[in-house]
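In the two complexes below, chain A is the common chain; its partner is chain B in one and chain C in the other.
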Partner chain A sequence: METTNNYDCSHIAMTYTGLASLLILGDDLRRVNKHACLEGIKALQLPDGSFKSSYDGSENDMRFIYCACCVCTMLDDFSAINQATATNFIMKSLCHDGAFGQGPGHESHGGSTYCACASLQLMGRLTTTLSPKQLKRLEYWCISRQRNGFNGRPHKDDDTCYSFWVGASLKILGIFDLVDFKENENFVLSTQDIIVGGFAKWPQINPDALHSYMGVCGLALMSLHSLQPVDPTLNISERARLHMQTLHEQWAVARKHKEAVSRVRTKSGGSTLDRTHAGTVALAFAIGLGSVIIPWVFKAYFSKS
Partner chain B sequence: MHGRLKVKTTAEQAEEKRKHREKKLKLFQGAKAAAFKKITAKEYDREGLHITQEILTANSDYYTIWNYRKNTFLHYKSTKSTEELLESFQAELSFIQNCLKNNPKSYSCWNHRCFVLLTMPEPDWKKELQLCNLFLQYDERNFHCWDYRRFVVQHSAVLPGDEINFTHKLIENNFSNYSSWHHRSKLLPIQCPDLNDPNRIGEKMLLEELELVQNAFFTDPNDQSAWFYHRWLLGRGETKQSITCLHVSKPDSRLTCTLRKRVSLAQCSSMKVYVNGQQQNVTWTGVDDQKYQHACIASLLKSNSLWDTTRCQLSLHPR
Partner chain C sequence: MSSSSDEEEVYQFYRDRAEWSDVKPIPQDDGASPVVQIAYSDKFKDAFDYFRAILHTNEKSERALELTQTAISLNPANYTVWQFRRVILQHLKKDISEEMNYLSKIIKEQPKNYQVWHHRRALVEWSRDSSKELEFTEKIIKLDQKNYHAWQHRQWVIQEFKLWDNELTFVDSLLEQDLRNNSAWNERYFIIENTTGFTDQVVNSEIQYAISKIDIATKNESAWSYLRGVLGDRSLTWSKELRDQVTAWRNDGLKSPYLVAILIDFYEEDLENKKCNVGETLGKVKELCNELANETDTIRRKYWKYVLHRLIKEYQENEP
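Showing the complex of A and B:
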């Protein structure tokens, strides 16, 4: 495989989106160096539990914890990250209003709240880490983001992308049915460009790829317009997530087979490979010896005549 | 471009725009190639700073290029005199400020500024606070700026009390300044902790805050900031722990205890059980897998003399 620039180091968000893109495209991840990928993620975790984005250095916050959790989920291996310290960092980022900021002390925000909820859910720790009271406060904050569409913080304007960030958080929390679907849909559609298509953050603004994707996902959460269902934790379609699940099942089978083979070897008190190897050597020797002796016998016998 | 209002142009204007963009792109790509030559060769010098400055002026989110500048300054730290170093860092701070004027929400810019402040000799934290004041004037909800302000406060000698006064001024100007209320929520427990419990706020301060927030929502009942803050304040009051119910089941040899405040299982283990004056060896379990529980259960030995008597005394001693 061709290498990219040798003076660029990887970026955790690109690792996440790269793997997600491969799954969306139906790839079997055979060409991904999973071990290297996970080691790379491991190297980005800081003592406080958060992650930086690249080895050379960057800010560290909730976004990159989310990326790390997604990579581990997609590669079906959480051993590379310290879940306890990551959970600790997430909980330290809980604010006075019940939602999550980017880090301890930071103001609560729809984006970081999504990253926190999804990370906890992916680690299987959402309901065991947050108390019922904390969950209720979080639900209240999230559902309060809806005016028509959703905003990312109180007293900010509605923005298309929060129909996904907050919508998906509500899905994860199990209260998405409390959303006013009509108002949400109307807002997202109002940001659609009627000439070139695509969605923008606000009405009458140029559309862009990010808000187009988020707008589509925001509508997909409501199962509207015949859109494919979207998985709220990994932020990929259900179809892609099922493909990932199939891969995980295949990997599990392959692992079990490998373990069984290794158990057979150690059980028979000598490697079956060694015995096979010895047999092969014996056969080769016999053939070699035969190829010398047999012509000599013929020569000796027939030369007498 | 993201966030720009659509504007109609003539075909001529469009063509001019296209040519201008192409020229800009060529310059940018040229600078990028030159910068990566420097990065590969690990050449950290003035020329490198000049090239990367051009790139970052056009695109201040280019973190790889910011990291080159970071490495250059780290190199300078081991090669230049303190005077030269200070001059270079001051110039860097001016440059970052210009980038921030165009892109006040750039993670990379604010992060690089943190690096400069932590690396330079004699950082001027007062000046940084003034920078925060300036950027909060542009946008009082810019959380990058608020986060940077918290970073400055943490590293400098700014007292929590002074910061609380600062938020007070902002709140008085605009009750709906959610970010100010949030900042206040982080400072109060530091400034006025309850002497008995550092997670709580002292009674006097609590009552003053309640008055402030009530003024806020009387002024504007639709303002969410005040209501969220009010709810948080109510939770800062002290609740005394007590046993609300203790149930003894003889057939099951089981004690069930419900408490007013949730406890963790670790805290439960400090609860001692005495039957007729004799301490019992019990293990408390929760009712589900939640970390904090309102109720906990303990099993008692079946052979316990408790079961032979019709009257017994149970005392629970929580720590």
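Showing the complex of A and C:
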């Protein structure tokens, strides 16, 4: 039954989490249409440098710049996005108190600060875009978010997820080791549900998947409880990030080989179609011959009859 | 037999509604091996099976509009439903103010949902009618003084329709209720930045404003951040009054960690501008960092040790 519709389009956060999930599962991304994926991301960038989440229209803010940077990182291709305008939007969102809001003029917040720091880091522009003075103010704002655990804005309550959002920002800034690990750990564990497990935003309220994930990541940043290390920029485990790196190395080799082949073509001048065709025929013959000879050898020498 | 006034409206599944009998519902296709499947209720499945059907045929009718309302009540975060509802509203040329009344009720129930606020912005963009927006966002802010979506929408409306006039008064009233409302402090900065701008005169008066608020609550991070923030690219020492005030507070025995932090920054500027005796200044910085690390801001003791070490490394080791 035909069930398509005109509103079946991608969502940038799902693209990010979909690719991240594939990497976590050890997939080689061979079945991902990378070109289409990147064109889709490109289509979501707005003139002010920020991104909306889907083609039909949505709000636009720091979250989706982060998603775009992650997708480009995972597919090892930043050509689809305008990094200059994205960086411009990020910097316009720098607040008077030294951290980042969701957009220009908006209040600085742990979540948007993470998205801004991680995006700049993924684009390789963190220390070239922020001045030493700006970096110092940002460090101070982030480290000031710790009361026991972390909050997301001054004078708000601690919330488990900020142990990741702010913790990871501090990791990116290189000063996570300055955090009071014990107080942070105690807070996160205090939000653990003693009956069903999992973590909640605050102690004694119902746990949920998001805060459980963030609680685990918040603890993993401190290398506690035998948790795997987590990459603070992509928000996946180090293991998954290394797998991604391996894929990128393989893609780089494949690209170099392709370029070499194309250089040979241009050099020879003649049709390489004949050359490759001849090669294919030779290979097919070798395989065919091998498929006859090898079983015969096996039968002749190892058969007990 | 109950009278009609006692009768409760019984919800009818779309599959049982005569007026929907021409539509073939489309079930959700989770593929051959679904993982972490959501346990949808029958009501949910029924409504969304029919929603998928109208999406497929692109039906933009009154009954389709009603169906989006049901879908929204079941999952107000489904952005596709909201998107299609906007398409239908435009197609049927529906009354925006009526839609706004409906939306306002939903926002009050779901004030932290992104989709409802985006829908509100879309409606205001279509109608170009901002007349209800300040009042509405004020209502939401009264329920939750720091609702990020409400503040975002409010800022957009103010900027788009140039409704700056009474905003400072609004901010002041919020700070009267809670001096530590960081959203209100941010709003103050936003208004001034976009109206008078931070001219030297304005910076001086805003420094006085922040000082007056710090006098009331000396450990108010928002007020201290605002104080630094209004200076912009100017150095701390640009304002003699600020330095004098900070020194006076310190002499009064004030131990607010934010006061001590700004003092350290003053000393850092002195070191940078080579306007002091290095050894003596670093000695003062050490005293302050130790006070923070050991007494007044112990959770950040490692940070304050790092700050001290950074300054010593930069200035003492480079002493000729």
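Keep this in mind: the second predicted complex is superposed on the first by the 266 of 305 C-alpha atoms of A that agree within 3 Å, B and C clash if a C-alpha of one lies under 4 Å from a C-alpha of the other, contacts with A are read in each partner's own complex, and residues count from 1 in each chain.
Following the convention adopted for this analysis, contacts are C-beta pairs under 8 Å (C-beta built on N, C-alpha and C of every residue); 3 or more make two chains touch, one makes a residue touch a chain.
Given the structure is predicted, the values throughout are model-derived calculations rather than measurements.
> Following the superposition defined at the top, how do chain B and chain C come out on chain A, clash or fit?
clash
> Per the contact definition in the header, classify A:I143: touching chain B only (first), chain C only (second), both, or neither.
second
> With the two complexes superposed on chain A, say which partner A:D180 touches: chain B (first), chain C (second), both, or neither.
In the superposed model, A:D180 contacts chain C only, not chain B.
> After superposition on the shared chain, which partner residues are touched by A:I205: those of chain B (first), chain C (second), both, or neither?
Only chain B is touched by A:I205; chain C is not.
> Using the superposition on chain A described above, determine whether A:Q245 touches chain B (first), chain C (second), both, or neither.
Neither partner.
> Taking the superposition as given, does A:T129 touch the first partner, chain B, the second, chain C, both, or neither?
First partner only, chain B.
> State which residues of chain A lie in both footprints, the one left by chain B and the one left by chain C.
Touching chain B in the first complex and chain C in the second, residues 5-7, 11, 53-54, 56-59, 95-98, 101-103, 105-109, 141, 144, 153-156 of chain A appear in both lists.
> Chain A touches which residues of chain C in the complex?
26, 29, 52, 55-56, 58, 79-80, 83-84, 114, 117-118, 121-122, 146, 148, 151-152, 155, 159, 180-183, 186, 189-190, 193-194, 221-222, 225-226, 228-230, 261, 299-303, 306
> Where on chain B does chain A make contact in their complex?
Against chain A, chain B makes touches at 1-6, 36, 39-40, 63-64, 67, 70, 107-108, 110-111, 115, 141, 143, 146-147, 150, 176, 178-179, 181-183, 185-186, 223-225, 228-229, 231-232, 262, 289-292.
> In their shared complex, at which residues does chain A touch chain C?
Against chain C, the touching part of chain A is residues 1-7, 11, 53-54, 56-59, 95-98, 101-103, 105-109, 137, 140-141, 143-144, 146-148, 153-156, 175, 177-180, 183.
> State the interface residues of chain A toward chain B in the complex, per the touch definition above.
These residues of chain A touch chain B: 5-8, 11, 53-54, 56-59, 95-98, 101-103, 105-109, 127-129, 131-132, 141, 144, 153-156, 201, 204-206, 208, 210-211.
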